[in-house]
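Okay, got some structures for you below.
One chain, chain A, appears in both complexes that follow, with chain B as partner in the first and chain C in the second.
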Partner chain A sequence: MAMAIKLSLILLLCLSSLLAPSFSLFEDQVGLMDWHQRYIGKVKHAVFHTQKAGRKRVLVSTEENVIASLDLRRGEIFWRHVLGPNDVVDKIDIALGKYVITLSSEGSILRAWNLPDGQMVWESFLSGSKYSKALLTVPSNLKVDLDSPIFVYSGGCLHAISSIDGEYLWKKDFAIESVDVHQLILSGGSDVVHAVGVTDSSQFDTYEIDVKNGGLLKHTSASFPGGVYGEILPVSGDRFVVLDASRSVVLLITVNNGATHLQQTHVSDLIHGSSENTVILPSKLSGIFSLRTDSCIVFVKVTDEGKLNVMEKVDKTVVVSDALALSEGEQAFALVQQGDSKIELSVRLVHDMSSNHLKETVKMDHERGFVHKIFINNYVRTDRSHGFRALIVMEDHSLLLLQQGEIVWTRDDGLASVIDVTTSELPVEKIGVSVAKVEHSLFEWLKGHMLKLKGTLMLATPDEVAAIQQIRLQSSQKNKMTRDHNGFRKLLILLTRAGKLYALHTGNGRVVWSTLLQSLRTTSQQQCAGLKLRQWQVPHHHALDNNPSVLVVGRCGLSLTSPSALSIVDAYTGKELQNLGPAEHSTVQVITLPFRDSTEQQLHLLIDADKRAHLYPTTPEAASIFQRESENVYWYSVESEAGILRGYGVKKTHSSEYSFEARNLWSIVFPAESEKIIATVTRKPNEVVHTQAKVIADEDVMYKYISKNMVFVATVSPKASGPIGSATPDESVLVVYLIDTVTGRILHRMTHLGSQGPVHAVLSENWVVYHYFNLRAHRYEMSVIEIYDQSRAENKDVLKLIVGKHNLTTPVSSYSRPEVTTKSQSYFFTHSVKAISVSSTAKGITSKHLLIGTIGDQVLALDKRFVDPRRSLNPTQAEKEEGLLPLTDALPIIPQSYVTHAFKVEGLRGIETIPAKLESTSLVFAYGVDLFYTRIAPSKTYDSLTEDFNYALLLLTIVALVIAIFVTWVLSERKDLQDKWR
Partner chain B sequence: MAVPRRSKPTLLLLLLLSLFASSSLAIATGNGGGYSINGRVKIPGFGAKGFGLPVKANNAKVILNGGQQVTFLKPDGYFSFHNVPAGTHLIEVVVIGYFFSPVRVDVSARNPGKIQAALTETRRGLNELVLEPLKEQQYYEIREPFNIMSIVKSPMGLMIGFMVVVVFLMPKLVENMDPEEIRKAQEEMRNQGVPSLANLMPGAGAGGGRSN
Partner chain C sequence: MEKGKGVMGSRKWAVEFTDNSSTPSTRDIPDPPGFTRVPHDQDDSTLSRQKKDAEANWKSQKAWEVAQAPFKNLMMMGFMMWMAGSTVHLFSIGITFSALWQPLSALQGVGKVFAPYKDSKVDLLAPKLLFIALNLGGMLLGVWKLNALGLLPTHASDWVSSLPPAREVEYSGGGIALH
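After this line comes the complex of A and B, so read on.
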């Protein structure tokens, strides 16, 4: 009887958990515990669209392959499209006043987008015969047979394309003449396109082409034996400038009535003094060109007689904008001068170079770094004079609009290129809160709950419903700058490609602080980039007065052997505490050691390109700790190109106090002709596993093989390493390995015939789940491998397990070679995958969810029970009790279990999970071009009341019960009295 | 989200037109190094369902081979990939709110112009490369409208209900009972004693023994 009750209870539990996906959200809960931020990335090109009527907007293309239309008033995104990873935007322009034209993929794809809503109107594929630079010219007022053509030079051909429907009008191939076209010029009013180019870098060619049919009207050429460097740039309609191959001579080319005239001027005549690394800046100013050298920028005017006059010399850090045509044939351009915590913007007119038309000084946060780009636009003021607005791109990739000496809006678009993520706890709340505050908050709290009660009873007016939503979204609790009881409030520390560090509050995603790291700033000498972000100091017991800090590891230079830059940053304030760079060694690998010194600084090993290990922090204490533990320090390296996996330990003899020689312990060489490494995955170092035992049906126990030193390696046959469609099923083989990184022992090896990559995998506890493509079924598959320790298998006494008298306390060691068994199963999965991760909780008790970033830039939560290798077609009664699901060939995709619900994390690159203090809950942060944060409870929030728990209803019930008690008491008293009278 | 009103009717009109226009689909055409794949995405009820949908489909993407090429839909739903080598490829359609099956497309090198397409989820072959969603996706739970039953079923409701039963019905039950029977029942209770926890959970103790 009791057994039956227990059974039915378990069944009920299982059923209830099966029916409802454990992650699900009501629509009005959006924004309650999640936030989503949309970004575009560092702007490459910007085109303004400011007509008198209608919205003012700016169209931008960015380094993240995003094209977007931004509101010029507030900087918000009207619409945005993220192109494919290989579809780099070359040029952007506006045609017919209503289409945005983009040229991408090295000039092979031309697309038109509807300006108001971003709908793609047409797309043309331009095939070329050879690689060349891409040029786009959209004439503003050229009409050919009721059509306005767009001219594109790409792949060695000049294409004319209708701007209405994207149809080909004509094509002229320049590849036969082996000429490399540098400029396309349309002189206003005429029906001729001028193509200016260079043949074999020693002959200058101009072509005049009929816009109607592409016929060649005229061809002139002139040779100069010196060769050219860089691009030919137009100065005026018939004059061009270019540098010669030695970069010391400016060539002025004049095309006059079919004759080409060359004139040489030495750069040293224009600029007195050093003139290294000279370039001509493409600024499109009429009659003027600008020349940049290592020391300065000079503006040179070309007179009608062909003389070069230096007009002005400015500092080389000045950023110059393109020319902007004003109404009366006048041209203006902007210069930005960098000052200390301010920038100076000046606008000049080409006709009157001597004085500034406009000069403004704008205060600028020095954490934004230098100005990288400037785009200007004009508007007509009420007094008919010209006003200017400038869009500037800063060193940290942020975008700002300046107008009338003020910053109108800013966008932190550096957050579109997050490289690495870590978290930090917030400071502990100081005790001593005023009574008034408590009373106020209590009153507010009660009021909120009364409103909520009204809402549930459907008594609330629409205004009150709005108020309820407002209260829920803006709960001041979640945005506090202190640690909370549940561990939901944290700082997300993000390292971006620009070398800037951001701290975001998990409550609402606001930027708490941001720092441009001085050690990672790219200078003219070297290009620096951030690599890794690690927790450096996490104060727990000893150093509670210290703020936590993070370690940023970067590289100064492009090659692997370039010196590394290290910097330690305070996680509360963003101050750079210590700048350890540039270090003398390079860094290819960062290993966080599980040791801490007395100030709770985490010990780190940095492995350089010569396989030497460098210990940080460089203190004698850290060195002595490391010396003591050095026998147990192991690491491995993956040489994907050579197909070798090597394991290392530390040599006893060390070269200096803090750097150690590595000794090669083992190596696994994969046969190059049949296997190529495409993916390696390890466990997250901070993952917590609650128990090694797994109780299965029939009160049996299995022991998980839990080792921190396990690596998953996937290899494919070299032929199948390309994209899908490049290999046949017969020639592609996917092999996966589980390898112990201390001994190099291959724990498990499995072959998937007819399968290929890309492989995305996640390794956690004793299992690995990986996603790959099955060519035979032509579907994606996901496989799971679970690995169990066989040596403890006979140890099956559940009672002993409960009491604690089992051998689980004997440590798991990689030195012993336990017998392991593996179980494996495969399932179909519908979508391509971009990233895969697993939920992590504080104690590891809660069941796990896989977080799968799909090709649609959504994050799907999939219960780990769906990828359990013990699933069978007809599970026995005992297995059903255990919660084992019947086997299906495909993994289910339940729309309610998308953690990103109706949002997309465009350009998704990674998913990070962070355990909260509350065991049931895991924090999820997904990043790409967009950022998304939420928290999930894989087994529901069994340890806390849900957000919509109604306290008011509880209070009402209690009050009702108390009243009922009184009423019944009075009633019974009266009855007793009556009985006594009887 | 910020889409000017005036553009929508024209868009809708185009879409409606495209629904009725019959078209022959040239699926693959030889072109220098590679082939082209042309197809079309059709979302049923695109015009009928109101103004919300064009914005949704505005962000539609068509993806070849898991990201090798990404393209977008024209207003009439057509899309094309260019420069695709011969072989078997996979096309995925991404529209928020709809579930599309990936499509297997065979581009033949031997006889250009002939391709085969099939949905990988249902293994249904396609004569034309017209992709329709298998189902709509609802990302949110539907909140149940208020009813008295949900209050009654909630812990608080159960508490009140139980109290009402005990207060008003129990005395009636006791009243109707024979005094003899009550005494009997009370005696029985006394004899049985307090039921122990161990009796309730025979599985734990017995199971442990058996497995040895």
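After this line comes the complex of A and C, so read on.
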């Protein structure tokens, strides 16, 4: 007996040493199951920095408010800064050859960054009196008292700012003259800044301002009664062009010795044919301007006599770059012509428009769409001729560098603007792999494990250690295109703002396929955008031959009533299977119903702006399923502006089989003078709950109120709906509600006095955790509400439970009005929060972790046990055994529990959790400007061996044991024989 | 063997050392006069009876001893259980299960244990009953320990946790208008 115990103890010790469970990550485990991708977003503006020898780079500002320095050779990011969501970058330039100057927040913040490493050098806040367009001019060779000023026009003022330290030099206010400045022009060599603007859109003004002190030197003006449309564009030093208000006349303005001369030319004279929606393109070419209409683009030369000559007419899809100054006072610009699966890049010199200086044809993936922007840069070849490289921005927001007719590098920066995420399983592995392959993989497997064994026994050389790490990181297992046993390999399907769908492999984050959805492409007639991405068909049992597919819901137009675009995309290939758009109805809500038809297609209800429900798929089978279940289908709408929640049921109509009228069942009107809806949260529809009972101390049971039809609503007093600090604690009240969305019953209501938003919340199982700001304590707080079903609380008789006499599994209806009780508690939390999510597992058995996207763009995992409302200061022995933690006033932030470890998910917007097949594990995908993916195991991987489990050691141990058994058996036999002879 | 046979065959006389006094019928020679053959039967039977009695006594004593043996075991088990504590771990589980298993295996072999003391004169029922009772006591101790460890499904929570959450009749979706 004692022997047996000893043996088993030794065995247990061996096993536990083999398993070696770890809570946090070791340094060499980074990249084993996580990946991180850095993006910048759609490039708005690019400035090349290639003059000096050394690293050639391009500085870009993007629509995601990112400024970045990219390597021109490979497209990698040297450095990058993500400005806040409200800090929109207006202009970017280089000053003194060493500083990157950015103007942001509508021209109110000017910053200088060190060019090589991206450190901020100085920052200036510019105050203005009114809103105006922001202009930035960085003179290249202007010296004023050993200083090079930067001229910024913003907020109705012209500022001169020192480029060395960001100090104010002078300021000239234009607000008094109510002039709207369109251009700042510095003629080379002179000490005068020309500000060109328009007053009341009917008077043209030029100001000459002394660069030294901001004194007004000269002011000329000329009025034109027609008014102007758009920007004034300089053509040469003293000539400007602008469109009149009707967009049919081009005004040529000549400023000559204080006199302003206007000359009108009809657009129809320049372009013979239709001239709708005429605009002047803002490419600053000397002596030339370009006009774009609905049909074409024309280049017009302004002669010295002031005559307009049409030089060339090109197709309207042609994209024109800004002018690039070449060495000998020459200017070049680039044109891109879109062809079928190729683009034609041509570079022209301004003085010689007739012929192409350079013409290249580049093959282009048609999934990238049209060219949206082009920036060119030149380099001097060995034969002293000019070579050109072009940076082009495509319709899918990707960035490409073209040089010598080749694509040097591409960046898929559309992934910086993910709108919605869903997942798809990979195909099942085909049985019947060749023997050679198996042998090879077996050999590789053995070799890998022998190496690992060497590593464990500390016999490996440094080279072998590196090889081990390489094997671990590039395990072919994790990147296979087939389903795995644990459900770690999946496809992440991402819908981006550009209307492109990407499928990323969870193994290493590579793009498996990408599709620019035809139904969501923005055309000149309408602007389309994706809204939602849902799983459409998930083959399980019946339709295993079919590939899974996803539904993309978009909208063509800007208003809520615009028609919607629907398309169904194959999740394995990215082919658009069905294009249902533009549908004749609008879409304001997408509801995934919990019903499937015989081909495993999920039924969806699309609610339009007129509160009609449209059923998809439009098949008779789906209609009959829906007819059967329609009595129990409800939906609700949250009208945050009006402060009303409305609940609807489906009314049977005979007009159409697939569209249904709504009948209003209930509404909750929040008093507009005291409450304003700021946040609503529901449970994830695919969340699985394992049990309805919560076992508390002394084996007692509490029954959770588990309802999918519960919505959490947070309201604040209207005064406190602004940023923190805009209201006093007495004025701001935060009220939270738990509302049943079938009956409109308010299950729970709680008031937090002296608190305000922003509220971030997560609702799961029977609890909600929300984050807000407490104005009295001057700290962020997190509160938890757990809701329990009181009507089931009597089910405590063991005998009755054994024989099955209980009402715990009978279906529940919201109309039965179950009695509920709640428990809640609040804690301080140090960080402000960008997003909250919760881990989700396949069966819902594993304990939960809250995933908190912090203000530092990291994801923090917080055990749900910390936000348990039953925590008390002195827990009893039984409560301690249950695992209840003693109450503390603040939630701890354990540095090891950052799931993003050393990385930052810049511009974090959302955290998605996907259950793996392995119950202990949950897949986490965080997205913002960056993408980050990892696996978490909230209760550790109790159901599997860890990645670094040493099978070779186990095998070796078993072999050694078998040998030992054999040897001892032989020995004992021999001894027995000897005993018998004695 | 051959030799022996030859010797046997050429036998002239033989002396019988065995005392055949009690069985005169086997001899042709009559008893000498004055010799009254007193049968020894009486004495012999009392002697063997006494012997048998002693044996039976001893057997029943032994049987009682065997029957009481589990008591010692019980005490030891109790001590070990006390030592093992009330938390679930390898040691306490091992002891509890051995406490359950030992009486069970003992009860299965009740017949075998008492087989050597089987005698028509010995009443084995009482020791057997004691033995069974003590083993049952040991088993009860094991069950009690199991309960103390919280491994018996005696609470509502043990039966409820495996029940799936109730299905909801209604389904509702929606939210803020997408934009």
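As a working rule, the second predicted complex is superposed on the first by the 927 of 982 C-alpha atoms of A that agree within 3 Å, B and C clash if a C-alpha of one lies under 4 Å from a C-alpha of the other, contacts with A are read in each partner's own complex, and residues count from 1 in each chain.
We adopt the following convention: a residue touches a chain if its C-beta (ideal position, glycine included) is under 8 Å from a C-beta of that chain, and two chains touch if they have at least 3 such contacts.
Worth saying up front: this structure is predicted, and the values here are computed from it rather than measured.
Contacts of A:Ser726 after superposition on the shared chain: chain B is touched, whereas chain C is not.
When the two complexes are overlaid on their common chain A, residue A:Phe125 makes contact with chain B while staying clear of chain C. Of the two partner chains, chain C is the only one that A:Ile706 touches; chain B does not reach it. Look at A:Ala323: by the touch rule set out above, it reaches neither chain B nor chain C. In the superposed pair of complexes, A:Asn114 makes contact with chain B only, with no contact to chain C. In the superposition on chain A, contact is made by A:Leu25 with chain B only, not with chain C. In the superposition on chain A, A:Ile591 contacts chain C only, with no contact to chain B.
When the shared chain is aligned, chain C comes close enough to touch A:Ser637, but chain B does not. Put simply, chain A uses residues 699-700, 796-798 to touch chain B in one complex and chain C in the other.
Within the complex formed with chain C, the chain A residues making contact are 1, 4-5, 8-9, 12, 531-532, 553, 555, 560, 587-594, 605, 607, 609, 629, 632-640, 647, 680, 682, 685, 689, 691-693, 695, 699-701, 703-704, 706-709, 711, 741-742, 795-798, 801-802, 808-815. Here chain A touches chain B in the complex through residues 2-3, 6, 24-28, 30, 54-55, 71, 76, 78-79, 81, 83-87, 108-109, 111, 114, 116-123, 125, 127, 456-458, 699-700, 723-726, 758, 773, 775, 777-780, 796-799, 830-832, 834, 855-858, 890, 893, 895-896, 898, 901-902, 904, 953-954, 956-957, 960-961, 964, 968, going by the rule given at the top. The touching residues of chain C, when paired with chain A in their complex, are 90-91, 94, 98, 150, 153-179. Of all the residues in chain B, the ones that touch chain A in their complex are 2-4, 6-8, 11, 31-32, 36, 54-55, 58-59, 61, 63, 65-75, 80, 82-85, 87-90, 92, 94, 96-97, 99, 101-102, 104, 107, 120-121, 137-143, 145-146, 154, 156, 159-160, 163, 167, 199-205, 207-212.
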